[in-house]
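Labels for the chains are A, B, C and D, by order of writing; each one numbers its residues from 1.
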Amino acid sequence: MTVLRGRGIAAVNYPTGMNLGGDPSQALIHSTPTGAFMIVLSSTDLGQGLRTVMAQIGAETLGVPMETVHVDTADSDTGPHCMGTFASRATHRVGNAIIEAANEARDALLDVAADELEAAPEDLEPDGEGSIRVVGSPDRSISVTDVALAAHFKHGRTISGRGMYMKPKSDVVPETGEMDPDSTEAHACTVAEVEVDTETGRVRVLSLRSAYEVGRAINPALVQGQITGGAWMGMSHALYETTAPYYPAIDHGPTDFNHYLMPGAPELPEISAEILEIPSVNGPFGMKGVGEMTANSPIPAIANAITDAIGVQITELPITPEKVLRALAERDGAGDAHVS
Amino acid sequence: MAANARAISFELNGESVAALAKPLETLQSVLREQLGMTGTKAGCRQGGCGSCTVHVDGEPTLSCLVPVEHVADREVTTIEGLGSAEEPSPLQAAFHEGFATQCGFCSPGMIAVASALLERNPDPTPEEIGEALAGNVCRCTGIAPIIAAVEDAAARMREGEEVRT
Amino acid sequence: MVQEYVLAATPEEAAELIAGDPEAVVMGGGTTLMPKATLGELNGRRVIGLARAGLDYVERNGATRIGAMTPLRALGEIGDVPGLAEAARSIGSWPLRVSATVGGNLLAPPPYGDLAPVLLALDAEIRVAGSGGERTAPLAEAIEAGPAGPGELLLEVGIPAAAGSVSYRRCARRELNAPPIVTVAVRVWADGDEIVEARVAIGAVGPRPLRVGGAEAALSGSTGDAGAIDAAVAAGAAAVEAVDDAVASAWYRRRMTELHLRRAIEAAVAAERG
Amino acid sequence: MSAEPGRRAGGGNGKPFDVVGRTHERREARGHVTGSTVYIDDVSYPRMCHMKAVRSPVPHARVNGIDFSEAEKVPGYVTGLTADDVPKNVYTILCLIGVEPDEENVLAEERVRYVGEPIAVVVCETEEAAFEAAAKVKLDLEELPAVFDVEEALESDAPIVTHWGTNYFVYEGHHCRRVRYGDAPAAREQADRVISGRYQLSPIEHAPVEPTGCIAKPEADGRVTVHTNTQAIFFSLDNTAIILQCPPHKLRFVGGTVGGGFGGKVDVIVEPLATLAAMKTGRPIKYVYTREEEMQVSSTRSASRLYVTDGVNDDGTIVSREVTTYHDAGAYSRHSPYGCTKHAANAAGPYTIPNVSVDVHCVYTNRTPSSAMRGFGVTEASFALEMQMDRVARELGVDPWELRLRHAYRNGDDRPYRKTTEDATLVETIQAAAELAGVELSAELRAMSSDDRAGKGVAG
C-alpha cells in the first residue's frame, strides 16, 4: 500500500447580504410593564443561533441585562418584515435593524427615567445590570422595572422602538456587470493536509487549519460552531456528496442517508481555526456574515492538497476514490495529464 | 380508528401506557402521534438518520423500524424520560453547555444513543463514541462537538459517582 | 393501513401461518419492511411477524446454530466463530443491529447482506420450513435458488466447527455505517506449508453473494505462493458480475474486488501459518 | 431608514457592556437537548389530513392524462388537486423582485420536465392512505427526448426545456450575465502565456435532518394559519398568496424554528398546495417531504461547470482572467437567476486582476431544479478559482502563497463589478492561516497588508 501526502491551500472571500430587489429587514422592540424587552422579528433561526445573537445585540444597545431581552421570531401576524435567513445576511441586516430599534427604545427609557429622577436625559445611562443612573452620581439611580412601570401607569408612554435596515436595490448594468452586490466581505484561508491511498484511491483528510476574518465575533462559540460544522460540510462536498453519482446521467441517485454519503466520526480531520476580527464599516458591531463561507475554503484546499499528493489535478467534485484511481492511471500512462 | 386496531400496553419512561395502534404502526408514530412524545424525531423514517432513537429494554432502538406490537410489555425510554429542562441529565447538560446542538433536530437521538453507551461504558474513547453514534446524522455541528460533549458527560458522571461513594 | 399483523408464537406456528398464506408478507426484524409500511406499500396486506416466534437463539455444541431472528447485535458478541462477529459488527449502526436479524440480512437485496460471504466461507447450512416439512441445504446452494421461497420460512443458520483461518474484509466509502462496495471472506486450512482446502466468498459486488470455486481450486494444494494467489484473484475477478450503484461503479467494484480479495487471501494464509 | 450616523456605525452606542463579543449559551439549547423544542412536525390538529404528490417517473414527457379513479377508491381518500385547481399555476419564485418570465408549474400542465416533478397531489385522512392513493393515480405520459448536460442543452438541436424556445435565462436581452472590466481578450493576447482549466461541480443536496414541510390550518375567521419551516416567512407567504391569487392578509405564516436549512427551505414548494387544499377541504393539511423526496426531488446545488482562462506573465502576474460558467438551473430557474448574478460578481475571485471578462449562462436542463444552497454562486467560484490559482502557480513555478498574496485585493482596489473596496482583509487572513499551519512566509510577504497599495489606497 502506498500512501501519498499532500498539502493544499485556498483563500476565499464571501459577500455579506445580497443586492437583488433591495434587501431589507425590520425589528420592533417594546418593554413590558415590568421592564423586560421584547424584540419582535419575522426572521428565522436555522440553528445558527440567530435568537441568541439578536438578544445580545439588543441587550448591548439597550444597556439592559441579556436575560431580560426576549426574541420572538417568525410570526407574520406580529413580526415585521424580514427577507429571510440566507445569503449570510441575517445577523447583518436584522442586527442593524435591532440597533436602530433599540436606540429608539433606549431614548424612550431614558426620557421616562429622566422624569422620575428629575435629571436631564443626556445625563443618564443604563448600567447594563437593570438600572438607569445619573452619570457621576452613583447614588441617583432607578431600576428599569420602575421606569417601565412609571411609563405604563403614570406617564402614559410606550418604551418602544422601530428599526429598519435596507441595502437598496442595485440594478446590474447589463453591458459591464457594474453593480453593488453586497455590504461587506468576510474572508477565509484554509490549509488542508491529506493522505491518498494509491491502491484504493481513498483520500483521508488529516487536518484543516483555517483563518477566518469575520469582522466581529458577536458570540465566539456560535462562530466556532459555524466553523467546525462548515469545515466538515466542505470536506463532505469535496469528497463525498452528490445526488447524481454518474453526472450528467441521472441514474442511481441516492434516496437515503446510507447512499447519500457524508463523512462520519472516523473520517474527521483535525480542525483548527483562528478567528480574526477586523471590523467592517457597516455591520452591527463590525460583524460580517460567516455562515456560508465556512464550508467554502475547505473544498479547494482539499482538492489542491490531493493535487500536491498525486501530481495531477482532479477538477470534478466530488473527488471520489474512483476518480483518484483513474487520475493515477492516466498520470502513469500519459504523464502529467489533466484529468476530470 | 380502524376496526382492526389493537390496544398495546408498555412501560413508557417508567409509567404504564396503553395505545390503540393500527397493525404494524411504528413505535415512532405511536409515541409522537398518540402519546404526545414529540421529542422523538422523524428525520427519515428509513432507519438512516437516528433522530428517532429510543431505548427499548435499555437497548438503543430506531423507533421508525419497530412495530409497536414488538414493545408490548417492554420498557421504552424516550428523550423525555432521560431528563428535563429542570433536571437535565449530564449528557443533556453537556450537549447544552458544549454547543453540541445547533438546529437541534438530531439531538434527542444522539443523546439516546450516547446514554446507552455511557451505561455500558462509563469512560469511552472518542473512537468508541464515534462508533456508537455512527448511525446518527448531524448536518450542522461537524460531529466533533458532539463527541466532545459525550466525553464531557462521561467525565461529569464519573465525578458524580466519586462524590456519591 | 396494513390489514393484519399476526405475531407467531412458535416456529411451528410461524411455518404453518406462512405455508397457509403464501400471499402474506413475512417480517423479521423490520429494517427492510417497516419503511415500506410507512410509505403505505403494505396497505391491505396481511403481515406475519416472526419477532415472537422463538427464533432468537444461539446454540453452541461444536457446531453453532443461530435462529433466523437473532439480532446482529447478538451475533457481534460471538467471539469464537472466526469472522462472524467482525462481519456482524461491520453492518449498519448499533441501533440498526438491535433490530436487524441474521435471516433478514441473508434475504436482504444487495448491496446489503454482508453476512453471506463469511457464512459461505464457514460452510454454513440453512434450515427452512415449507409445506413439505423442514429441509436443510448448504447456504451456497440456497443462495443460488433463493434462500426461502414463497410459503417458506427460514428457521436457522448452522455453522459447523470450522477448521482453518478466516479473513473478512469489507470495502466501503466510509469506515462506519456505509453500504459495502465489496465484502470478501476467505478461509484456508493448511497442513504444514500446503493449503489443504480453501473457501473464497464475495458479496456486495453483484446481484448475489457467491463462492468462487476457481479461486478455491487455485489455492487448494498450493503453498499460498504468489502464483496461486494471482490465479485465485483472477478467478474471483472473473466470477463477479459487478454492478453500478450510488456509492461505486462496476469499474471501481472490480478494482476493489481484486484488491480486497488479494488482501484477504494473504491475511488468511498468514494467519493460518501463525 | 437608518438611525443617525454615529449611533449605529460599527458598534451600538456609547460604551460597551460586553454582551456582544462574549459567548452566551444558545437560547434554544435546553429545548433541543430535552426534546421539547417544537418543530413543525410536532404540530398536530384534530381532523388533520395528509397530502402527498404524484410525481413524474421520467425526465421529460407530455402529460396526456391523469386518472384518479383508482386513487379515489383508497379508504380515507379526501380529494385530489391538479394544475386546473391552482389559481396561478405558472409562476417564478423570484417574481417578488421582478424576475421574469413565469415558468414553473406548481403542478405540471402539458409537460413534465424532470424526474419527480409534481403532476397532482392527493389528500387523505391518513398519511399511508395518501401514499397509496398517490401511487394509484394513473398517468398517461408520452416521453420526450431529454437533455442533462449544460453545454449540450445550448446546442442548436437540443431538446427544449422551457416554454419560450431556448434553454437559457435572458438577462436584460443578453443570453448570459456578463461582467466586463478592462479588455481581457486583448490582455491575454499580450500575455507571456495562457493557462486554462475546466472545473465541474456535482449537484448536491442540503440534507437537513428535518425534512421540508408545513401544516396549513383553516381558521374560523376565513384565514389560514400555516406552520412552516421556511427560511423566509414573508417570502413564502407572499409567494403563496400570488400562486393562490388570494389577498395576503388572509394568510398567517408561523415558523422560525428550523431543523437545518442550508438554503433548501427557501423554495416555497409545500406551502401553496397545502394552503390550497386547506381552503378547499376546510381541514388542516400536513404536507411533509419524505427523505427520498428530500434527496431526489427537492432543489439541489447547481452542477456548475466553469472554464477559466488566465493570461499570465512570466514574472507571476495574472494580467487577464476570463471565466465562462454554465450554471445548471435544471428544469426551472427558482433562485438561479440571482445565484448567477452573485456568481458573476465573484467569478474572478478575491484578486485584483486588471482585465476581467465573465459570462455566466443560466442553463435549463431536464435535471432536478437547482436553487439556493449554502454559499451558492460563490462556492462554485471559490472551488474553480482556487484550483486555477494552484494551476497557475504550478505552471509558473511560483509559490502558491506568494501568488495569492500578490494578487489579493486591497483597500482602494476596484472589483471587476466596479465597486471600490473599503474593507478588504484577505491579505491578513492568508497571513494568519500560514502562521496557524506553521508555514514560514518571506519577510516581503509578511509585510504585505490590505492597505499597502501605495498611491491608490484610501487611508486605513
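FYI, contacts are C-beta pairs under 8 Å (C-beta built on N, C-alpha and C of every residue); 3 or more make two chains touch, one makes a residue touch a chain.
Here the structure is a predicted model, which is why all the values come from computation and not from measurement.
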Comparison of A-C and A-D (more C-beta pairs in contact): A-D
Chain located farthest away, centre of chain C as origin (C-alpha): A
Averaged-CA centre spacing for the pair chain D and chain A, given as whole angstrom: 17
Chain centre separation (chain A, chain C; CA means) in Å: 48
Whole-Å gap separating chain C and chain D, where each centre is the average of the chain's CA atoms: 44
Whole-Å gap between the CA centroids of chain B and chain D: 34
Multi-chain contact residues (two or more partners), chain B: 44-46, 48-49, 99, 102-104, 130-131, 134, 137, 139-140
Residues of chain A engaged with two or more neighbouring chains: 46-47, 49, 221-222, 233, 253-254, 256-258, 260, 262, 264-266
Multi-partner residues of chain C (each touching 2 or more other chains): 1, 37-38, 176-177
Complex contacts: residues of chain C adjacent to chain D: 1, 37-41, 43
In the complex, chain C residues that touch chain A: 171, 173-179, 244-249, 251-252, 255-256, 259
Residue ranges of chain D touching chain A (in the complex, touch as defined): 1-3, 7-14, 16-28, 59, 94, 96-98, 115, 148-150, 171-174, 177-181, 197-205, 207, 230-235, 237, 251-263, 265-266, 291-292, 295-296, 300, 303, 338, 341-342, 344-346, 349-350, 358, 367-368, 372, 374-375, 378-379, 382-387, 390-391, 394, 400-401, 404, 408-409, 416-419, 422-426, 428-430, 432-437, 439
Chain C to chain B touching residues, read off their complex: 1-5, 7, 27, 29-31, 34-35, 37-38, 42, 47, 49, 51, 73, 92-96, 98-99, 176-177
Of all residues in chain D, those that touch chain C in their complex: 74-75, 126-132, 135, 290
